[in-house]
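These notes open a run of structures that come right after.
Presented sequentially are two complexes of chain A, the first with chain B as partner and the second with chain C.
Right after this comes the complex of A and B.
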């Protein structure tokens, strides 16, 4: 009954799709497929999202595109994995100075699959940092930061800083000796920035000493503030990728048409 | 030769522009006025929730820490030739995490070069390394404070004798009440053991350092010291 999403132009915007019988349904098209197709059709008729999806997914890519071009997506999947595992860790985590350690211990030792999910988050954070640097190296060595893609490089640098800030704020959360002292040292390093450093470290600690609200502050930054900004930045990054297209590897030369070649005469 | 300005002269008032229903002397069109009002309203609404939220996040930077004095033991507990470690609470209400070790001894004219006043009958030295804040330990045998992190070493007075630390170990004000030694707020010292408002580890205060790392509103040395 339903039709595949039509390309724009076959019917004026805002009009209903025809509901008349489709020509004799092919026997192999079962009920399930019908439902799927008509759902998508229903959505697309109201949102026109398929055009955007096609714009994003069916892009022309340059000759020579290779596996190194997947590093950006790999970084994004590492982030998605962090986001999903993190949300579920947050169901057991308690950001209070007196209970944080115990809540992480409980999550690791008692909760079904807790150790596994925590392990994914913990190792995943390192994987994400490694991937982000590899991706950055790829764009650097392929010269992909040049005109007109400078802004995407800048957004990438912001994403790198945000990712490192995620690692820094996340490291405190298990609240064991290593977390505590690493954060003490990290905040002190941050305080050595001239003029603003001392105020910044007071901001991070919520006061001149590591206090009752420091952990909650790190937690809020780690799980709400930064992931939100990172997600938005990834959106902007990908928009520019689709908008500008990707660069060919530096060893690919543009091919001129044979008649224009000097030696073909 | 000046380039002739061939742009159209903009009419000064809406009446000059022949906009229907224009008032005498009206210079802003109603459409522009409405646009500006809508943007202003949006700006005010955004500021109404953003500013208080930011204020809450940055408030602690300007809030003054309360001065607290904590008893660490009777005067006769503390000799003048070695340190006795005592635990004090730096941040109340968070259990073990808020505690820290101080090294206490009586002021000794032959060792001490810090100027004597009412607040240092007893010398109380922090265990926080002035490189980046790891916990230092006083080693009796070598009469040195030693940091486990990056090899910072301090002499018996807490002055840097080696490694990366940028200034002598911070101290705490002390006073005696009814024969009990009490430890108060922390202060920092430059390499001549002159007092400064407390800085964080890693912040040098010799020379230009004291201006590069200004004292903060949240924590200050006691007035008059």
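Right after this comes the complex of A and C.
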């Protein structure tokens, strides 16, 4: 253990070159590349991940693939943004009927960038819902739900329902008038049911008790259960996308000539 | 799709795919741009629109118009349009589940091999009808009052009574709204025409005591409201008695 020949002088310089991307001299670049390659080799020897990554990244996408095909991944980015901002909100949120509102008020008014992050989460949900509908419309109009991608459509519908459920459960959490009454509307609609309706709604509404358990339950569903299922479902969805390949736009034909010909639209 | 059509599709698709470009970096670049656009949009919306926090929960008011997130408006509008109480369960549970089942099963009942939109007239008609219906319902829902809210100006006799009378009127209005009376009664422009009689002019028809008695000891199918706190009952009776 007396000598570690490469580390003494080169490691710090090498790291700096990596982070600042300063032009490195040839021998340094080689050493750097070597380090990178050997790290990946080390990982790959133990996980065989690179085959999977290559399978995912270097699969071919048919010619004609256009911007409409980015709507799915855009939805995924919106979801990731929701996950990240949600973690920051969870650091301050307190799901008890008495303190929920105060914790959100504190987050919004006092915490550094609190309102900004809450705004991102709030508007991110709108963006995600719009994107998921656009993505669904794209797959519908392109006939992408047909053989062999039926299952991916079904998983997609599950994702749609889960996304809407996220929105519904999240809406109650700030526990202000708007969220409380919106959630109570459902209860009030029960109240219009025949005969037992009014009793049912009184029972469900039951004063402040409405919040005590409902809020904690909504919170657990919103930040643990649904995101977990959504993440798993997105995984399955993307696996199938890579496995089956994305469709070509329906008006692209391959049959006639080696040249791809665009049918009259 | 029968076996032949499936094979034809797979053959055609593998040809198309073999002529395509690799996912990385071509599609990744587009997806990356899209991710940037999404993030910038969210950030700009957050900066310009903010994250308002409404007033704290107060379960004793209904003056507040309950509003779901806008993309649920269409659903609430369905619930609002379908008025007869016997149909409400259908609206609340039936319509959405039916739509979801139809959506789920789409690939299993639309089995034709045709993918080009202009050659799928039924699918396109259904899609545009759905989009139009949802847009219409969302628009209507956005402009609708809430199901447990009463839109009603105090009548002139109350206005003449000054601030005190108006406050009592508003308080009673809230109790009526909260208690689900509108499920069976019409008051002004609000509520259902039946099974109970129109209450828009009840104050001219029934004396105060009779109204109070009806609440405690009504004729079926109207449920008794014996558990109403005295103050709320007084407000309610006062409100109804003023409707002339």
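Throughout what follows, the second predicted complex is superposed on the first by the 198 of 265 C-alpha atoms of A that agree within 3 Å, B and C clash if a C-alpha of one lies under 4 Å from a C-alpha of the other, contacts with A are read in each partner's own complex, and residues count from 1 in each chain.
Quick note on the criterion: a residue touches a chain if its C-beta (ideal position, glycine included) is under 8 Å from a C-beta of that chain, and two chains touch if they have at least 3 such contacts.
The model shown is predicted, which means the values in this text are computed figures rather than measured ones.
Asks: Which partner does A:129 reach: the first (chain B), the second (chain C), both, or neither?
Replies: After superposition on chain A, A:129 lies in contact with chain C alone.
Asks: Go through the superposed model and pick first if A:46 touches only chain B, second if only chain C, both, or neither.
Replies: In the superposition, A:46 touches no partner, neither chain B nor chain C.
Asks: Which partner does A:254 reach: the first (chain B), the second (chain C), both, or neither?
Replies: After superposition on chain A, A:254 lies in contact with chain C alone.
Asks: Applying the touch criterion given at the start, work out whether A:98 contacts chain B, chain C, both or neither, answering first, second, both or neither.
Replies: first
Asks: Looking at the overlay, does A:180 come into contact with chain B only (first), chain C only (second), both, or neither?
Replies: A:180 sits against chain B and chain C alike.
Asks: Based on the superposed arrangement, let me know which partner A:31 touches: chain B (first), chain C (second), both, or neither?
Replies: In the superposed model, A:31 contacts neither chain B nor chain C.
Asks: Is chain A touched at more residues by chain B or by chain C?
Replies: Touching more residues of chain A than the other partner does is C.
Asks: State which residues of chain A lie in both footprints, the one left by chain B and the one left by chain C.
Replies: In chain A, residues 175, 180-181, 184-185, 188-189, 191-192, 194-195, 197-199, 201-202, 205, 207-208, 210-211 are touched by chain B and also by chain C.
Asks: With touch defined as at the start, can you tell me which chain A residues reach chain B in the complex?
Replies: Counting only chain A, the residues touching chain B are 97-98, 175, 180-181, 184-185, 187-189, 191-192, 194-195, 197-199, 201-203, 205-213.
Asks: Going by the contact rule at the top, pick out the chain A residues touching chain C in the complex.
Replies: Spelled out, the residues of chain A in touch with chain C are 56-65, 67, 69-71, 73-74, 77-78, 81, 101, 104-105, 108, 115-127, 129-131, 137, 140-150, 153-154, 157, 160-161, 164, 167-168, 171, 174-182, 184-185, 188-195, 197-199, 201-202, 205, 207-208, 210-211, 245, 247-248, 250-255, 260, 263, 265.
Asks: Please output the residues of chain C touching chain A within their complex, sorted ascending.
Replies: Result: residues 1, 6, 9-10, 12-13, 15-24, 26-28, 30-31, 33-35, 37-39, 41-43, 45-47, 49-51, 53-59, 61-62, 64-72, 76, 79, 85-86, 88-89, 92, 100, 103-104, 106-108, 110-111, 113-118, 120, 123-124, 127, 146-148, 179-180, 182-183, 192, 221, 223, 227 of chain C touch chain A.
Asks: Would you mind writing out the residues of chain B in touch with chain A in their complex?
Replies: 57-58, 60-61, 63, 65, 90-91, 93-95, 97-98, 132-135, 149, 198-203, 212-216, 218-219
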